[in-house]
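In the two complexes that follow, chain A is the common piece, with chain B as its partner first and chain C second.
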Partner chain A sequence: MSHELTDKQKKALAFFDSRLNSKLITHLISCVHCGLCGTSCAYYITEERPENLPAHKVDIVARIYRRYHTFAGKHFPQLTGAHDLDDELTTEMIDSLFGRCTMCGRCVAHCSIGVDIPFVVRTGRMMLQQMGLVPKSIQSTVDAAINTGNNMAIPKQDFIDTINWLNDDLQFELDDDTVTIPLDKHDVKMLYTVNPREPKFFPLSISAMAKIFYLAKESWTLSTDYYDITNYAYFVGDEEGAKLLTERLINETLKFGADTLVLGECGHGSRAMRWEGPNWLGKPYPVKAITVVELIAQYLREGRIKPDPAKLIKERVTIHDPCNLVRNGGVIDEQRYIISQCCTDFVEMEPHGIDNFCCGGGGGQLAMSEYNDRRLRIGKIKADQITATGAKIVVTPCHNCVDQLSGINLEYKLGVQIKSIAEIVADTL
Partner chain B sequence: MTIYHWILLAAIFFCIAACFMWFIKLMQRRVKDYAEAKGSDIDGVEYSCTKAMLPNHKESAYKHLPTYTAGIIFHIGLFTSFILLLLQLIIPEFLNSPPLGDKYRIAIKAMSLAREFSSGREWQDWLRLILGLCLCVSSCCGIAILAKRFMNKTLKDLSNLDDYISNMLVTLFQIASACAMLFPLWAPSKPMLFIVATILFLYIPFGKLRHFIYFFAARIHLGIFFGSRGVWSMKNKKK
Partner chain C sequence: MATIEIDGRTFEVDGDGFLVNPKEWNEEVAQLFANQDGTGELTEQHWAVIKNIRSHWEKTDMAPMVRSICQDTGIRLRELYGLFPQGPARGACKIAGLPKPDGCV
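Moving on, here comes the complex of A and B:
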């Protein structure tokens, strides 16, 4: 017997119907319940609970599909495990889809069939968003980005003051009074974006990038209104919000007469802007979007910046590959090329590249304090990987990963330094 | 043609029609990707359907070798059974030479294989014996996978009735196919095969067995996704 749907549940189901394209239907139907994906997921490896299994996360959403869109599910729900969208299921959805998945996608390539598990997880998150059931902590991050222009609600003047202070510092370091970190400069080639964690907690990574731009003689600017590369609306499944944040950056690029939007060191932000954004807008971008990792690699290849052999990093270095940038964004070799130019002792983690393990902070986990324990627990896998390399420095081109790795560093007493790509490059120039 | 033939044909037609409808639905709801590609989606699909499926590329295979091997054998058994069923439908006299199981028990036959071979036994008998024994092995794999589903807590939690029914039907189909190979003169062997096959074909469109279509769709979608993003390509050294 079908239960009485509330208005919000009806809204979520109507939304679900509207999303049922070839890709989604395929991934909702294909899982054969073999259970072999468990050993690819950090949550299941850390804790062998049925609800940590990737297939379980898919099945929660697939049960709804079967209930409302298949003959067997409509008439014999017990046969296929079809389930009404009710309070019991939505509670399970919140816990599993928000609290037990970083949407890292590691399980996808290892699945027996090829089910795109995080794609289905995101669809489930979208349904929760339609019902107003997004965890408050991450929703407030989205609200801050939409209402203030950056997800940390940094007042504009504070941002300007920070940049001016960094500017003075950079002039001192380079012993050149003419060097500037340009703000709202028109007729430039590139608009550079940053993760708001940078001006707030890691400002030196901005001056590191400014140094690289300066030495590469690049024409660029930062915007004082819209500089935030992050897009947590993507993680909560708020398509309208994600589209708005995308539009802002594209419009800002055009406003300054730039033809290139440089996506700062943020994995999910880069993925959202580079790969998902054009689809939210429903058209290709009028400007080029390039990740800062690709740009720095290009500068090095073209000889526009040259590491000083005397300043090369001698300590052992390893790379943590951000899932959204690497496995889901195709930036795989560039960071390795950069490190090979700047460091003398580089060791890969095992596994690495597109097979890497998530640090545990992806999928918005860093913004959901209610799941902090789980986040740090699954970080143990990364901690063990780092320890096995014997590295003293962990480089990662993502400030969310930097944050999570710093947490892991403390929790598991690793005693390593965590650095961004720009920082490691700037140190050698 | 017996009544069993006609019912089976009707079931096959129903199954194909239902699957065709699913296929049309998939084709109608294709999505366009506006992001500028970094790699090639065609290359990605090629990779997805070849290298990416190799056992050394998937943890679901190399970390679970016994289950993976049983699954592969089970699927080979299923396809073999389908082919044999079709051949028996199209050519009723297929492999109908003097049967192997009519005079002696299989075990005794197996012991005297070499002698019979040298005495000029029909090749069809040998083929039927080999196919029948292979199908026994694949049926055992099906039973083992089913047992694992019952016994493993995580898997049990994930499973629904359809998972059990689907496995049982496919296993029964292979057992019936094995019987038809090993005991062709045993009167119920063919009707039994046709009845089980009929139930299987009627069931396919309603449960997880549809994955025989969706598996390919999933590989294609995955190939497009990873290919256009420059993650998967035939040129990739390891992954």
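Moving on, here comes the complex of A and C:
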């Protein structure tokens, strides 16, 4: 007996229909239940329960496909594992697709047949978005970005005052009162972007990057309107919103006559802007989009910045690889090159690179306080990885990871420092 | 909604431990939260920060920029990070009884 669909459920199913192409169908029907995804997933490793299995998360969406798009599922749903899109299923979708997945993609790398599990999870999140069922805590972050231009709703004057304050400090540090952190400067080569948590609470990383730009003699600016590299709309499956946020940064780059958009240290923001954005816009960008990690590596290779041998970091350093920048974004060697130039004692985590574990804060987890306990619990894997290196400093090119790592640093009493790439480089200049 | 119990008192909090009902907040509650998150006994400097955050939030419904906290209280940024081991957002704002700020914090 099928239940009467609500208007919102009908809307979500119509959306699902519109997305149902050979790629999605293939990923929905191909799982061979080998279980390798389970042993790759931080949630399942931490707690071996069925709802933590990546394959189970795929199956939730596949149940909807079977129920409405297969003969057997339409007529014999109970026999085929098909399920109506009803309140019971949407409750499970919210808990599993938002609450038990960081969309890190480690399961894809381990899947015996290459099912793109986060792609299916994102499709499920999109359906929830169509039904207005995105958890409020993360939706408010999206709303702030769309309505105010940045995800923390920082008023423009507060941003300007903060940058000017940093500028005074930087002039003092470099003993040069001609140094400026340029705001809304036209006819420059690059527009730089930041995570709003930097101006709001952790601005030293902005000063660090400004110091690097200054020493590299770069032509750059920050925008006072649109400087936010994050794209939480991407996490919640709101493609219209994701497209709008992308357009703003591209238009802002053009507005200042720049030919390069520099993506600040933000994993998902870099991935969204670098790899997903052109798809949302339906065309290639008219400007280059480059991550700041690649840019700093380039400065070092070209000798535009030179670490002072007396200032090299001698404490043991390890790198945490942000999933969206590394496994899903292909920036792997550049951060290692940078660290090799700035630090004398570097140790890799195991595993690392494209096989690295998520910090536990990806996929919007840091914004969703309702799943805070799970986030800290799965962070134990990362905590153990860090401990095994014996490192005193963990460097990571993602402010979201920085926050999660800071959380597990306290939770598991690791006693390490967490730094961004720009911060560790600036310390040696 | 979760609850936490500190020294026999129960508070309704969100998943990150931020107070749900801002009216429950007072200086005694702030000290209880500080005891619980590793900040410890609140000093004059802590209070300067907490009161600054609280009054800004009461006026604007938002946490202040860390710049304005530093400028208003005369406390340097690195000192501020040292005062609150959980940081300005998850530490100082939580002790000041604010809701969790949006974004990557």
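As a convention for this text, the second predicted complex is superposed on the first by the 429 of 429 C-alpha atoms of A that agree within 3 Å, B and C clash if a C-alpha of one lies under 4 Å from a C-alpha of the other, contacts with A are read in each partner's own complex, and residues count from 1 in each chain.
Heads up, the rule we're going with is that a residue touches a chain if its C-beta (ideal position, glycine included) is under 8 Å from a C-beta of that chain, and two chains touch if they have at least 3 such contacts.
This one's a predicted model, so the numbers in the text were calculated from it and none came from an experiment.
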item	value
First (chain B), second (chain C), both or neither touched by A:Met152	second
Touched partner set for A:Leu53, first chain B, second chain C, both or neither	first
Partner chain in contact with A:Gln385 - chain B first, chain C second, else both or neither	neither
First, second, both or neither for A:Gly330, with chain B first and chain C second	first
Per-residue contact with chain A, leading partner among chain C and chain B	B
Which of chain B and chain C A:Thr80 touches, first, second, both or neither	first
Partner chain in contact with A:Thr193 - chain B first, chain C second, else both or neither	neither
Common interface residues of chain A - those touching chain B in one complex and chain C in the other	none
Interface residues, chain B side, partner chain A - complex	25-31, 33-36, 38-39, 48, 52, 57-61, 63-64, 67-68, 71, 152-155, 157-163, 165, 206-208, 210-211, 214-215, 217-219, 221-222, 225-226, 229-231, 238-239
In the complex, chain A residues that touch chain B	20-23, 25-27, 29-40, 48-50, 53, 55-56, 59, 70-72, 78-81, 108-116, 274-279, 281-285, 289, 326-330, 332, 353-355
Residues of chain C that touch chain A when the two form their complex	14-18, 38, 62-63, 65-68, 70-71, 77, 85-90, 100-105
Contact footprint of chain C on chain A as seen in their complex	137, 140-141, 144, 151-154, 158, 161-162, 165-166, 195-197, 199-204, 230, 366-373, 399-400, 403, 406-407, 410
